[in-house]
Structure formats: C-alpha cells, structure tokens
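What follows is a set of structures for review.
One chain, chain A, appears in both complexes that follow, with chain B as partner in the first and chain C in the second.
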Partner chain A sequence: MFKWLHPYAKPERAYALANRLYLWLWPLALIGLFTGSLWGLMFAPSDYQQSDSFRIMYIHVPAAIWSMGIYMSMGIAGICALVWQMRSFELSVLAMAPIGAVFTAIALFTGSFWGKPMWGTWWVWDARLTSELILLFLYLGVFALFYSFDDKRAGAKAACILAIIGMINVPIIHYSVEWWNSLHQGASITKFDKPSIAKEMLWPLLINIFSCLLLFIALTCYRFATELLASESHRKWVTKIIQ
Partner chain B sequence: MANLVNYYIQFIKRDLQLAVRQKHEFVLPLLFFVLILILFPVTVGPESGLLARLAPAVGWINLILSLLIALPRMFSEDYENGWLEQVFLAAVSPSFFILTRILSFWLLYCLPLVICSVLLVPFMSLPFDIWWVLAQTLFLGSLLVAALGSVASALLVASRKGSGVLALLLLPMLIPALIFGSAVIEAAQQSLPYLSPMLLLAALAVFCLTIAPVAAAQAIKINLG
Partner chain C sequence: MITRRQKRFYTIMALFAGLALTVSLVLYALSENIDLFYTPSEIINGKNETGIKPSIGQRLRIGGMVVEGSVKRDPDTLLVEFKVTDTGPEVTISYEGILPDLFREGQGIVANGHLIDSNTVEAFEVLAKHDEEYMPPELAEAMKGIKHVKPSENPALQGGQP
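And then the complex of A and B:
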C-alpha cells in the first residue's frame, strides 16, 4: 500500500489527485443532492404524524451524520500529520475544519427549524443538541488556534494536536451529556425514536447522505488543492499551473 | 527514581519562589474570584433562597473563569526567557516537567481558589455541609482544569492572541467535569448518595492528568521549533 501511496507525498502529485477528485465528485455530488432532495421534497409520501414538516430531515440528517464523520476524519488526518510529519496531512486538517463547522451549523439550524413545529420550541437542552453545539465550538477552536499563530506551519501542527485531543474528548463529552440529561429529566423527545422508516422515504435520505459525503470530499479536495498552491507558491510547478 | 523526585522538588521550589517574588500576579485570580462573587448578589438580588440555589453553579463557573486569568501565563514567561528551551534540552523527560508544572500551578492558583470558595457560605447563604461537598468537587475539578489548561496554554505559548483563544479551546473540554460536578451537588442537596459521580469526576481528573503532560509536551516542542 505504501508503494502505491508514496508518490502522493510529492505536492504536485497530491495536487493533481485532489484536483481530479474534485472535478469528478463535485458534479456527482450536485446531481445526487438534486435528485435526493427533489425526490424527498416532492415525491416522497408525507408523514402521517408530522405531515410535510418532516421533509427537512433530508437536509438535517445528512448534515448531522457528517458533522461527526468529518470530525473523525479530521482527527485521523491529524494523527497522520504528526506521525509522518507530512505537510499535506496538516493542510487537509485545515481544509476539513471549516467544512465540518458549516455542516454542524446546518444540522443545528435545520434541527431548530424542525423543532419549532414539532416540539414547540427552537431549542431544548437535549443530549444530542447539546453535544452537537459543543462540537461546533470544537471545530471553531481548531480554526481559531490555526489563525492565532504567525508561523503557519506551527499553527497547523498545533491545530492537528487539538484535533486529536478533540477526537479523544468527543465521545467523553457525548456520553457525559447524555448521562446528564437522563439524570435531569426522564423521557424527553428523542429525535430518532420513530417507527422504522418507510422505503419511499428512506431512499432519498440515503441518496442525500451519500451525496453529502461526496460533497464533503469534493469541497475538501478543492480547499486542499488551494491551500497546497498557496503554501507552495514559490515553486515552479505552481507558477506553471497558475499561468 | 530518586533522581526524578529530586528534579520534582527543584521544579516546584523554583515555581513557588517565583510566585512569592511576584505576589501581585499570584493574587489576581483570587481578587477576580471575590469580585465575581460580589457581582452575583448585586445582579440577582439579595434573596437568600435563590442565591443558595445558584451558589454551587457560581462557585464552579467562577473557579473556571478565575483560572482562565492565570492559565495563559503557565508557560509563557519561561518560554520568553529561554528557560523552557533548556528544560526541553535537558535529560529529564519533558512530560514529567509538565506534570510538575501542572501540580505547582494547582498548588499556587487552584488550591487557594478552592479554599476561597468558602466565601459562598456567608455571601450566598450556602449551607456549610453543601459547601464541603462542593469544595471536594472543586478540588478534583481544578486538577482537571489545570491538566487540560496546560495543554491549551502549551498550544498557545508562542502566539500573541493567547487568552481569548485559550477560553475557546478549554471551555468545551470542561463540560464533562461540570456535568459530573453538578450531579454530585444535586445529589448532595437532596441528601442522596453522591459517591458515584464523584468517583467519575476523580477518574476523569486522573485520566486527564495522565494524558495531558504528553500532549502539552508535544505542543511545546512544536512551538520551540
């Protein structure tokens, strides 16, 4: 595997790969999101209890799932960056952080808009909501740490360490918050406590979840390629590409 | 082993001596703590039942905020005058040095604050036995703040925008400690057994004390370049 991976340690090869992935995945993700959302919003049957307002699920659930998935991949990239001391991994951590923050913010906002008609409030201090909100601040912390350094390389490495610490800490926070809530008040509304979902509703959801993953990869590749160009701007291959 | 103990005593002695010679810095978090304590009755109103209900929460949050004043300077002076670099060049393991620094920081800043929290009893009419439980949770919680704070402080040692970002890094990490701490207090107020959340808090503190020195040493190495 390492023989296959090795050439990509060279920034120009990594750039070419990221660029190609971006060019392929970006339209694919858009098509997927378009079909999934259209199917979900227009053609899927409406829920017998929540009528049409459940349809925000097609945005909310993918964003919520990948807000956690992105954090995990960011932490793993951080470990790789510190173990192999490769700049590309550091840049990929920085490429993922704002995307993850935006996914988290989308999950929070859509959840809030879903909660208003269903629960009657914009916000409850439920375990899931609280840990998602904390996750947003963890993302912002990674980003703020990077920007508080004058030396970009040192900032990126510090951000990697924080991403790793956060990866250890996220499960702790998650379970402690869950415990806190169940201690406080008994059965409040749990979001995923619903009868198993109908097939016609499930398919567009799965499509949207998958295309959100593609969207995340595409955006990461785009940001990664841009960061790579910016950090190697004095090199010959960069000037060749820019011209 | 004897060698390590020797180093440990030397490091702690140096930290304590420095603190004694710079008394003003050492007293600042304490003054901040007392001032915030005064602000609460002034804003909430002097009704003693309400104040007594708020008091444990005020104690916890106040402790964390006061420590946020002291934390940015945990390593920064030694970083600027070059002492940190010498320690990292020496044969002692850096994470061991960080552990001694965490403990001396805890002795210098956290322990006085925990003792100072007894002011909650007269100022916010907190019952004394509840305060005693609160002080135990603060004891453990401040160890945890010192451990996690050492990582945040080490990450930011070379940056100029220290304290604001430090709060952003540290506060989300402290939420489990707050949850367990408040669970202990809540159980104690209803005179229920509170040992299990207390033990969880202690376990969390021990876990952080074990992991944090390694992470903080790595962070300082990056900053030293």
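And then the complex of A and C:
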C-alpha cells in the first residue's frame, strides 16, 4: 500500500489528484443532493406522528453523521501528520476543520428548528445536544490553533494534537442517547438490526447521506489543493500551474 | 529497533489512551448528573445504582410515557393533569400552559418542574419526546394500530374526558 501511496507524498502529485477528485465529485455531490432533497422533501410520505416536520431530517441527519465522520478523518489525518511529519497531512487537517464546523453548525441549527415544533423547545442541555456543541467548539479550536502561532509548523502541530484529543468526543456523541436518558431519540439507521424507518423514507435519506460524503470529499480536495498551492508558492511547479 | 516514527506513534497512542481513560472515569462518576431526567420508577424507588430518591421540593426533570386515559383538562383554564409511567409506578404531573403538538396519550414526554410530594410533580415546562421510528401513517395504522389524528381534532385533548 505504501508503494502505491508513495508518489502522492510529492506535493505536485497530491495537488493533481485533489484537483481531479474535486472536478469529478463536485457535480456528482450536487446531483445527489438535488435528487435526495427533492425526493425527500416532495415525494416521500409524511410521518405518522410528526407529519411533514420530520422532513428536516433529510438535512439534519446527513449533516450530523458527517460532522462526526469528518472529525474522525481529521483526527486520523492529525495522527499521520504527527507521525510522518508531512506538511500535506497538516494541510489536510486545516482543510477539513472549517468544513466540519459548518456541518456541525447545520446539524445544530436544523436540530433546533426541528426541536421547536416537535419537542417544544429550541434547546435543552441534553447529553446529545451538549456533546455536539462541544464538537463545534473543537472544530473552531483546531482551526484557530493553526493561525495562533507565528511559526506555521508549530501551529499545525498544536492543531493536530487538539484534533486527536477531540476524537474522544465522537463516540460520546454517538452513544450519548444510549448511555444517558436524553430528550433526543435513539439511532434509526446506524444500528445493527434493521433500520426503524420505512423504506420509502429511507432511500432519499441514504442518497443525501452519501451525497454529503461526496460533498465533503470534494470541498476538502478543493481547500487542500488551495492550501497546498499557497504553502508551496515559491516552488517551480506552482509557478508553472499559475502561468 | 524502534524508529523515531514508531516512537512518535506510540507516544500519541499512549496519550490518547490515558486521556480516554480519564474522560470515561469522569463521565462514569458524573453519569447521574448527565441524565436529562428521572424516570417515574426512579422517583418512587430511587436511582438504580445508588437508591437515592429525590427530595420533596427539589427541582427536577421527569421523563416517561403519558398513561392512556389519564389526561384531565380543566375546562376554564389551561391547567392539565396527567400521569406518566415507565415500567410500573405512576407519577402525576400538573401543568398550566400550552402542550407541544406531539403531546398525546401513550407519548413519551419530559417535564421540568418541582416535586411537590412523593409522587406529584408541578411542571413549568413539558417537552414531547419522539422515538426513532419513522413511517407513513398507513403503515403505522397497519402495524401498530395507531391512527394519526391532528391534535386539534383529538377528542381526548379537547374536552377533558379521557
């Protein structure tokens, strides 16, 4: 595997790969999101208890799932950055942090808009909601640490350490609804037995979840490529691309 | 022979393991306080692990299912009284105010209020909890015999007779 990965240690190869992935995945993600949202919002049947309000799930669930997924990949990239001491890994952590923060913010806001009509409150200090809020602060912290040192490499190292430490929060978010009594309901699709959601409601949700993954990869590639260009701006291969 | 790379990797893993242990111990110690609510049986019999019962006058949250046929409404005011249960004991909740749309008999709710005697809670906030099952109304009727009725058309929530 290392032999196969080896060429991408060279920044110009990594840049080319990220650029190509971005160009392919970006339209795919948009098409998927459009299909999934249209299907979910217009054609999926309404819920027996929540009628149409449950449709906010088609935005809320993908955002919430990937807010955790992005954090895990950011943490793993952070470990790689500290172990191999490669600038590319540090830049990928920097690329993922704001995207994850936006996903988390979307999950929190849509959750709030869902909570008001259904639960009767915008916010409650429930284990699930609180740990998701902590996740948002972790993302912001990682992003802020990158720029809080005069030496870029020192900032990156500190940010990677925070990214790794914050991974502890991810299983806490996921299991919070099982470990403690909470207002938030349990997992519907990420559990081992059959999903407790009707098939015709599940399909658009799965499409949206998958498209959000593609969107995340595409945006990460885009940001990563840009950061790579900026950090290598004095190199020959960059001047060649810019011209 | 351990390379520098391996050494860094093991250091990170050791740090992470230590931190994970610390956090899990802290959460374990705090677990009672992280619970959002007491269940009715915990109010009557005390918490499972410690057996501590909440004291009268204490501010607390209680969560459980609304008992079928227990909802009583005052015809002139917004006062409503109902019982909640989880597995056995029932606790009465009185509340004055507007209930959330999802509130109906058999529904899970969380109420925030004061314990006024051993099995009565005077609530100042009632929140509805919904479960993780989503299905279209026809399927729900076929599977569970639940017919979706809009709260405004539900006789049990209108007149006061259960």
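Keep in mind that, in the parts below, the second predicted complex is superposed on the first by the 215 of 243 C-alpha atoms of A that agree within 3 Å, B and C clash if a C-alpha of one lies under 4 Å from a C-alpha of the other, contacts with A are read in each partner's own complex, and residues count from 1 in each chain.
Assume a residue touches a chain if its C-beta (ideal position, glycine included) is under 8 Å from a C-beta of that chain, and two chains touch if they have at least 3 such contacts.
In this text, all values refer to a predicted model and were calculated from it rather than measured experimentally.
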First, second, both or neither for A:Ala144, with chain B first and chain C second: first
Touching partner for A:Ile172 - first (chain B), second (chain C), both, neither: both
Of chain C and chain B, partner touching more chain A residues: C
Which of chain B and chain C A:Ala158 touches, first, second, both or neither: first
First (chain B), second (chain C), both or neither touched by A:Asp126: second
Which superposed partner A:Ile79 touches (first chain B, second chain C, both, neither): second
Contacts of A:Ile134 with chain B and chain C, given as first, second, both or neither: first
Those residues of chain A which chain B touches in one complex and chain C touches in the other: 82, 164-165, 168, 172, 179-180, 183
Residue ranges of chain A touching chain B (in the complex, touch as defined): 82, 134, 137-138, 140-141, 144-145, 148-151, 154-155, 157-158, 161-162, 164-165, 168-169, 172-173, 176-177, 179-180, 183
Residues of chain C touching chain A in the complex: 5, 8-9, 12, 15-16, 19-20, 23, 27, 31, 34-37, 39, 63, 99-102, 110, 125-141, 146, 148
Chain C contact footprint on chain A (complex, rising order): 45-51, 54, 57, 79, 82-84, 117-121, 124-127, 164-165, 167-168, 172, 179-183, 185-188, 196-198, 200-201
Chain B - residues contacting chain A, complex: 151, 155-156, 158-162, 165, 168-169, 171-173, 175-176, 179-180, 182-183, 186, 204, 211, 215, 218-219, 222-223, 225
